[in-house]
């Protein structure tokens, strides 16, 4: 289990993963951030690159969270957290909101994951273990956005790979993921296989492959995945 | 040709046992709390309720479920900050759940309002939620066939209404309200303000009155999130 | 040909037909009037009965035509005639407008006709003789409205029946017409057959049947179709 | 992140021969005359044009047809007060026509924008315009399957626009403009006024900027009906 212990020590924090994902968002991109962890991406927009955020419940180009006590609960995001308006904000109804999603108008959707398969299959809505099932907008978001990116720990808490040959949990979407930002690497899905784009310097390719459930191909040199230390 | 009624109780009086009821709102925003509570008082049961969620805390839809009036929920996300009422009813087998992806839910409702009995979407293809649904390939890509959703009644929360039922909404409280208003046989609206005819700019009407049957003014309506943060319980 | 000549003398004017149709519109009804002749119906709303008119290009509850020279050509109806706004008017886009039509939200649609069949089939968009075909909203309006009424001369200019066993011209819709207001009678379509509700006093049932292309049934007494003389 | 361009000529520069172009408007209301005329000047040909009509008089779409730039029209009503240009081209076999019922046209465009490849409608069932289209029975009633419509470009006339492309429309000039803005790869807008960001109330935005690529201000735009009543000819 020494590999697992090493990885816990060297892996990126969620904030660092979110920071890395934020670096890929083009100026002017329309972006939907999934509820929870992916919402952190908004904090790390590089200077000079202005993304416009969409939330499923009918708001485009909203502002930051209000100060505590200043919330207007009619002005929330899909995570039911309070947001604010700013110059450029637009409100619209739910069918129009999902026309934006499903009609291919988003440039990027960034989601969390339980599992991602090498063909781009995503499982992120149900562990399949019972309880109350809930899907929200996840199955919609994986279709329509030009890029579907995933933020995830490279392994489960038990040290098992989350990047797999095939998902074992119920699918959210088939062949939908284009890029995975993990706590150890940046991996693309290309023609049914994983292609390693970047890895943290502290891990070897062999060690990374050992905690990945399907072959990590390469195309040209693998970049160094270096994130701000203060986000650790 | 005046759609105004005097109270939420009068507005919901016609809802019968077994009715299918769409209820606007997303979480607490846009939830027509006074209409839902009037429906609890009214007593109708065996309802099928269509909403994005399945109630939060012990007010609104959660209270309707807690009072055992709901036989079935059609929703995308039956979880919330405090989902105990739905969770207990579901795990006890007391309530049926039809889980629908959120965009498909919105589109099925809009289809119900627009006279489109079925449409195709990529959403849910290859997943458990597409099981049993027809699949057709268009331009090389597979799509799932989904059916319209209609209701006997829609309970809607608006900001301003005029006597003919033209409506506006407040901020993100719009959400499912305009499409549900289209998809019900009888659409019942609570509005924070009733304005005279002509009080809404014709270019700013969000829901035209043709989709509305009854309007009741509820000035300073309760906001579900605020009720829950205050620990409110209904009745 | 003496029958034809008689009929030309005794038949109702278009204004009278429109007047008769207007009497059936309930207070508060949402109504779409087809381009041309049916538009006259708006002029004859009975006192105390307020209909709300819909036009396909995205206006509900519009006002009367403006005075000549006062037209705003961004404020027109489906016939491209200038209209006005009034308290209660709403503008919306074309898909929403036809959601009203096709979603069953109109109470009455009133259309012109080339031919109507005893099963309710309507032909009103093409004579089938070539030229430039144009359909507009006719095929939409015949579906969705709770009542689909037709205004028409009882016979063609050549004296041929327009109410037929089956249409010979290209159909606008199948089994869609519920009531026909003609220059001689008011006829319903019931279970695949014509039922005569009213006829002008000056014509006998036999003479009326002679200019009708399918059997005119009756259910109870046939009313007298009497319209204001000043509209002749 | 500023979608403003300086002239109609710059806005339409990227439209290539053979492009599919949606053009907003219903009759003269909402017709983006300056963009259409810039497209005539630009020279692209073999275009497929989607509009409710097929031009009136000798300006706008009629002028585009008269200049022999249009290979095909997709529309519901290719007639107008003065339809001579389209009529002559059609009867001479110089232009193809796909005739679509008006509501089906609107819904096909909206479907294109919403990612719905096909839907069912009762409209046109049993008529010549349904020939060759699949029919399916839902709840005992037959419906015709219709496909989405998309375009390479949409030419849109708006009233106000902000630099991110949020739009409002003037009166009934709204018509097909908002749905066409959704259904094109590149949406080009002429607005009578460009306002600063924040100049449109978030609740009053009709077309959110996500559907818009380029915005150009055309103050005091020409109105097609007025041009035709004055006997205008372009170029």
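Each chain gets a letter, A, B, C and D, in the order it is written, and its residues are counted from 1.
Please note the rule applied: a residue touches a chain if its C-beta (ideal position, glycine included) is under 8 Å from a C-beta of that chain, and two chains touch if they have at least 3 such contacts.
Remember, it's a predicted structure, so these values are computed and weren't measured experimentally.
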item: Winner on C-beta contact pairs when B-C is weighed against C-D; value: C-D
item: Chain whose Cα centroid lies at the greatest distance from that of chain A; value: C
item: Centre-to-centre distance between chain C and chain B (centres being mean Cα positions), rounded to whole Å; value: 37
item: Centre-to-centre distance between chain B and chain A (centres being mean Cα positions), rounded to whole Å; value: 30
item: Per-residue multi-chain contacts in chain B, two or more chains; value: 107, 110, 114-116, 121-122, 169-171, 174, 202-203
item: Junction residues of chain C, two or more chains touched; value: 85, 91-92, 95, 98, 101-102, 143-144
item: Touching pairs among all chains present in the structure; value: A-B, A-D, B-C, B-D, C-D
item: List of chain D residues in touch with chain B within their complex; value: 107, 111, 114-122, 136, 138-139, 141, 143, 147, 168-171, 174, 202-204, 206
item: Chain A residues within the chain B interface of the complex; value: 56-59, 72-76, 78, 80, 85, 91-95, 97-98, 101-102, 121, 126, 131-140, 143-144, 170-174
item: Complex interface listing, chain D residues touching chain C; value: 26-30, 52, 76-81, 83, 86-87, 90-91, 97, 99-104, 106-107, 109-110, 121-129, 169-179, 206, 223-226
item: Residues on chain C engaged by chain B in the complex (per definition of touch); value: 27-28, 30, 50, 52, 54, 60-61, 85-92, 95-96, 98-106, 143-144
item: Touch list for chain D against partner chain A, complex; value: 1, 110, 112-116, 162, 164, 166, 182, 196-200, 202-203, 205, 208-211
